[in-house]
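In what comes next, chain A is part of two complexes: it sits with chain B in the first one and with chain C in the second one.
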Partner chain A sequence: MTVVEQTGAPKTTTPGRPRRRPSPLGSKWTPYLFLAPAALFILVFQVVPLIQEVYLSFTRTRLLNPTRSEWVGLDNFNRIFGDPEFHRTLLITVVYVITCVVVAIGAGLAVALLLNKKFRGRGVARALVTVPWAAPGIAVALIATWMLNAQYGIVNRFLDAVGLGVPGGAILDSSRYALPAVLATTIWQLFPFTSVVLLSALQSVPQDLNEAATVDGAGRWATFRAVTWQVIKPTVGLLALLMTIWSLRRFELIWLMTKGGPVGATETLVIDLYSQAFDSKELGSAAAIGMVGVVISLIVIIGSRLVARAVEKGDVR
Partner chain B sequence: MGNKRAHFGIARATCALGLVATLLTGCGSDGDSGGGVTKLTFAASTFGDPGRGPLLTKWLDEFNQSQTKVQVSAAAVPYPTFGQTVLTQMGSGKGPDLIRFDMPEFEAASDAGLVAPLDKVIDAGKYDLLKQPDQFMVHDGVRHGVIFEASNYAMFYNADLIPTPPTTYEQFTSTAKSLTKGDVFGLAFRQTEAEEAGVWQDIFNYVYGFGGAWSDGKNLTINSPENLKGLQAFKDLYDANVIPRGADAATFRRMFAEGKVGMELNNGGYVTATRGQNAKLNFNVAPIPFPVRKQGAILAPIVINEASEGKDEAGTFIKWALEPQNQVKLQEILGASSVATTTQRSAEALKATPFLPVFDGLTETSLPQIVLGFEAKTPDIRKVVVQNVVAALQGKADLKSALDRAQQQASELVR
Partner chain C sequence: MRRFRFGVTARIVAVLVVLGVAVFPLYWMFVTALSSNSDLFADQPRLTPDLGQFGVFVDALAEGKAAGWLLNSLIIAVGTMVLSVGLGIPLGYALSRFSFWGKAVLTVVLLFTQMLPEALMVVPLFALFRRFELLDSLTGLVLVNSAFVLPIVALILKGAIDGIPKELEEAARADGARPFTTLTRINVPLIAPSIAATAVIAFFHAWNEYVFAVTFIFNPDLQPASVGIANFIGELGTPIQTVMAVAFLFTLPAVAFYLLVQKYVVSGMTAGAVKG
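Showing the complex of A and B:
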């Protein structure tokens, strides 16, 4: 008996049918290939400008002659940090960001809790609440400006009617009322986003846990703290981070409503940056202000990561 | 091996797509010439003015019909952002070919070398140019612009509300106060930081009208006693609530056209625009009744962008604009403004606008709204002055401290 030893599976080829090429999607390079366009975009439109900004912040460069720049070391930073108006800008930025984040999330949570309850017309209410978020920022700013107009604005008419009118009626031109007006408009536009996101988080809270807490005699607040809050906490953290970054970067709404005025009352970092670059035409100083913004953003991101880690470990409840 | 080939194939395709996309992006050029015709753009905020804008566009059409090799199209950039937008474009080596600037931006652009010298483009000696405004077009013997529009400031008043115009400052304030009732205001001026350039134009009349000046030609004099007096008058009117506070120029000019504002200090260029808003408005014009007969003037030069590839063709347009018949047409469009050359007002124009001689009579005492001796720094000084004056209006500082601060900040800027 002859034994034929097989050393491997025979190569089977179907006669007359061409051999299939292996799919390139299986290559180890495939993930990189898919990432390449995004990476290229980030490199060209974020990393390169950031490097340029770092360089510019150490130079004296005028907008009218951007190619003629002069290396000045830390002069731009010394100048902006030595300027009391920049300290005011930093303070206004902090007030603006914190108020936006806290109130938008607080109001969003309150609305989300309401919309999570069963009532007639809930679907319509849920749809309506998204309208401010869906409206373009420029339209919101222009409508708000008209509503706050000293001569024709409905807000002034109402405030006058209830005896709370601002002297002269010029809310956006009053260094006392301009920032609250800008904040109110910003929050009106922001809170629908937080409420929609938090509503979806609330819908993932297991009802049996809520019921168990109620059976155990826990009140509404205790149930919210022990059950609901624990589930939505990561979402709130993420929202806080996003809101902070967006609020630090918000430009069009503030610019269109007040241009940072009056007397710098609504001048945040980005408004100051724009003003330095395009009004004063000082690109170097503008870049230095931009770098301060980058550092603040990095601190916020790193801080939020540290807080998130501490929460995961259970160090923070 | 086949795997590698496939990978390289995809990589090649990606690169090719990227290259095509890049090339397509770069193809969005302004198409300066096509079929032997050079196409130029002329940027001016006046193209957007009610009343004057459409007429100016027709005037441009006349040029285009007279030419076979050059075509000029209008680019209307809104006034509040005009200087910033166009200077930013020019700083990056782009921008319109022809520009109608206001003086502060004209000086900044000339100083930065962004404006083409015109000496080789036009022979200024051939034209009967108005000497007073034209002197500001030449820097160190080099001509950078030609007057497109020169417009003196005067007092516009609603003749139905004010039968006899005030002739002293005291009458001016008492008229403003007596007219202010309900929705009607006696006076209007710009007072918000958002309208920095406009506030500068308005306070200029108060400073010069009370004998002040921003500089003596060598040093800044922002906090001089005369300036303080003039700006105190401005602030007193603001505090007296005789103006629609918070209203921007577009709003209060509409209110003036609707008969809801009694007086405003404005330039001759706005006569046509006012009629454009309300042809039936019964308004008149008189010299500003301040102690000193000195007021601002809008000098708006037309310049050629140094980065333009059609400088000669742009020169063709300027030469066409300077021809006598085109100057007359331009003046009729611009209303009570003057143009670059001496022109005669027609009998029809005088009949339609009897107060034209009031504007013409102010030419010798009108000054461009720049800081003499610091022309190129005017936009920076303007920003500092306006910010501090608005701070005083807002009650953040008393006016004297605000002007002292402005003096110090501006001096640091020009050092």
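Showing the complex of A and C:
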């Protein structure tokens, strides 16, 4: 705020004065003038609330009486880490995230390779493939729930028809099939993004190198490893990072499909934190669970930067 | 020759399967909206839309609250788009063209906010909103949605401005233009495609947003469509055709606009992330 006022002052004096040529970069306050409104916004709505959450994670605070918090140090963390249900939440989070990353990138790469060859209608095909990514998560959760409906859902009718029907058909109510169903829906929404990004990375694969490798008698797989993979490796790394962070924070899709159930079978960290805050009304433990998620994200981000640096240096292939 | 033919056929089949998987759920949403009750609950469901039922879309908008929900969503989305792009352009410009004290910290903060789940931030923001009487107001949702989409908007626009030769601005500055004028007259027109892409991202971020809307809005007349549609899930009172019709009307603009600016959105999102 003060920055704006300070830079505002010299500005008002310019009219009337003979016009001076501004220095190439303007005054040293110029950048702050440009960024101050946005920075203030992010400060108020992101940074300050985050600091409050960090504080809350060390307190016992009830949703019904949120202004009274009692400092309890590491109690929340000790409690959640001693709770077997939280261990299950961590395990499900890891399974959910890793499956999303691996399958979304694998499927995306397969589709990208498929669409990388020229054929008639390729433009239309590329556009249609992106449809799932553009669809709102709420609508996706709704249609997925309807398609998986135990009685009338098209998925059950299809599975029954091919003899793979789930007994009773209630996929989302089954502790065995709910997580795969939520994962399939998530990946359905993610693979267009990975495939479009990988497709644009594939454009920079030098075709003559591919041809040279083929002429030299290299098989398809060898050519892919030697040429294509080397070019798209950084993009795959970036996508892995994005998919990890997005999957760690994904909420609506899981919440609306299963609310983390049945009996915690689809409860990831974010679902757990939300139900702690709004069902159990324990803001302190909710914040502590949130912090665990934030720390995991940070470790992933820092780890991925270290790996990227090692790859750049050529230590890792 | 035979092998070659086989490869082409296999490829065509594979492409069709992928497209089928990609499009089927939304197609099914459309078919369900346009099914008569007897088709819906028959042993053999009808797989094509019954266009005679088209009135369901008109009814969904005319009878229920759906039109009001969509209007609320539109207001929130337009507000978020204007505010976040309006703040994101100067922020992106500052990050691209100036070196200043605190730049590294600001960049890290922008990237860091990308990993914060809305569900984590909802509790302290609720307290903040109560203090400033922003609960139960569309303005409040515009403010919080803008803050959440602003980092990615700014990072994409920074990347776009990075791609413009500095010489253009230097020439304008030599002619006496102030930094603000060079931004609006030189940079903004040149990055128009990226601005359009960020506008779409910001619009649909707010259009799709659920957690803040469901927590901060109590008055049913102020509910956006995301909350209204989410409330249909697990509820049995509304005919499934109406539910799907509303959901389809909610989905269609998002899909249509993303397809229009897809190229810029994807390159922008990856560029924004690569810089991290």
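One rule holds in what follows: the second predicted complex is superposed on the first by the 279 of 317 C-alpha atoms of A that agree within 3 Å, B and C clash if a C-alpha of one lies under 4 Å from a C-alpha of the other, contacts with A are read in each partner's own complex, and residues count from 1 in each chain.
The definition used in the following text is that contacts are C-beta pairs under 8 Å (C-beta built on N, C-alpha and C of every residue); 3 or more make two chains touch, one makes a residue touch a chain.
Note that the coordinates shown come from a computational prediction; the quantities given were computed from them, not determined experimentally.
Asks: When the two structures are overlaid on chain A, which partner does A:130 contact: first (chain B), second (chain C), both, or neither?
Replies: So A:130 only meets chain C here.
Asks: Looking at the overlay, does A:174 come into contact with chain B only (first), chain C only (second), both, or neither?
Replies: After superposition on chain A, A:174 lies in contact with chain B alone.
Asks: Touch test for A:263: chain B only (first), chain C only (second), both, or neither?
Replies: A:263 sits against chain B, while chain C stays out of touch.
Asks: So, does A:65 touch the first partner chain B, the second partner chain C, both, or neither?
Replies: first
Asks: By residue count, which of the two partners contacts chain A more extensively, chain B or chain C?
Replies: Looking at chain A, the partner in contact with more of its residues is C.
Asks: What is the contact status of A:206 with respect to chain B (first) and chain C (second): first, second, both, or neither?
Replies: neither
Asks: Which of the two partners, first being chain B and second being chain C, lies in contact with A:219: first, second, both, or neither?
Replies: Neither chain B nor chain C is touched by A:219.
Asks: Does chain B (first) or chain C (second) touch A:150, or do both, or does neither?
Replies: So A:150 only meets chain B here.
Asks: A:281 contacts which: chain B (first), chain C (second), both, neither?
Replies: first
Asks: Have a look at where A:303 lands relative to chain B and chain C in the superposition and call it first, second, both or neither.
Replies: A:303 sits against neither chain B nor chain C.
Asks: Which chain A residues are contacted by chain C in one complex and by chain B in the other?
Replies: Touching chain B and chain C on chain A: residues 21-22, 24, 26, 37, 63, 66.
Asks: Where on chain C does chain A make contact in their complex?
Replies: Against chain A, the touching part of chain C is residues 11-12, 14-15, 18-19, 21-23, 25-26, 28-29, 32, 40-41, 45, 87-88, 90-91, 93-95, 97-98, 100, 103, 106, 109-111, 113-125, 127-128, 143-144, 146-148, 150-151, 154, 170, 173, 176, 178-179, 183, 204, 207-208, 210-211, 226, 229-230, 232-234, 240, 243-244, 247-248, 250-251, 254-255, 257-259, 262, 266-267, 270, 273-274, 276.
Asks: Residues of chain A touching chain C in their complex?
Replies: Residues 19, 21-22, 24-26, 28, 30-32, 34-35, 37-39, 41-42, 44-50, 52-53, 56, 63, 66, 111, 114-115, 117, 119, 125, 127-147, 152, 154, 157, 188, 192-193, 196-197, 200, 235, 238, 241-242, 245, 248-249, 251-252, 256, 270, 273-274, 277, 283, 286-287, 290, 293-294, 297-298, 301.
Asks: Spell out the part of chain B that touches chain A in their complex, as residue ranges.
Replies: 2-3, 6-7, 9-11, 14, 18, 84, 87-88, 90-92, 108-109, 112-114, 191-194, 196, 241, 244-247, 251, 255, 379-380, 383, 387, 390-391, 394, 396
Asks: For chain A, which residues count as touching chain B in their complex?
Replies: My answer: residues 21-24, 26-27, 29, 33, 36-37, 40, 62-66, 149-151, 168-175, 258-264, 278-281.
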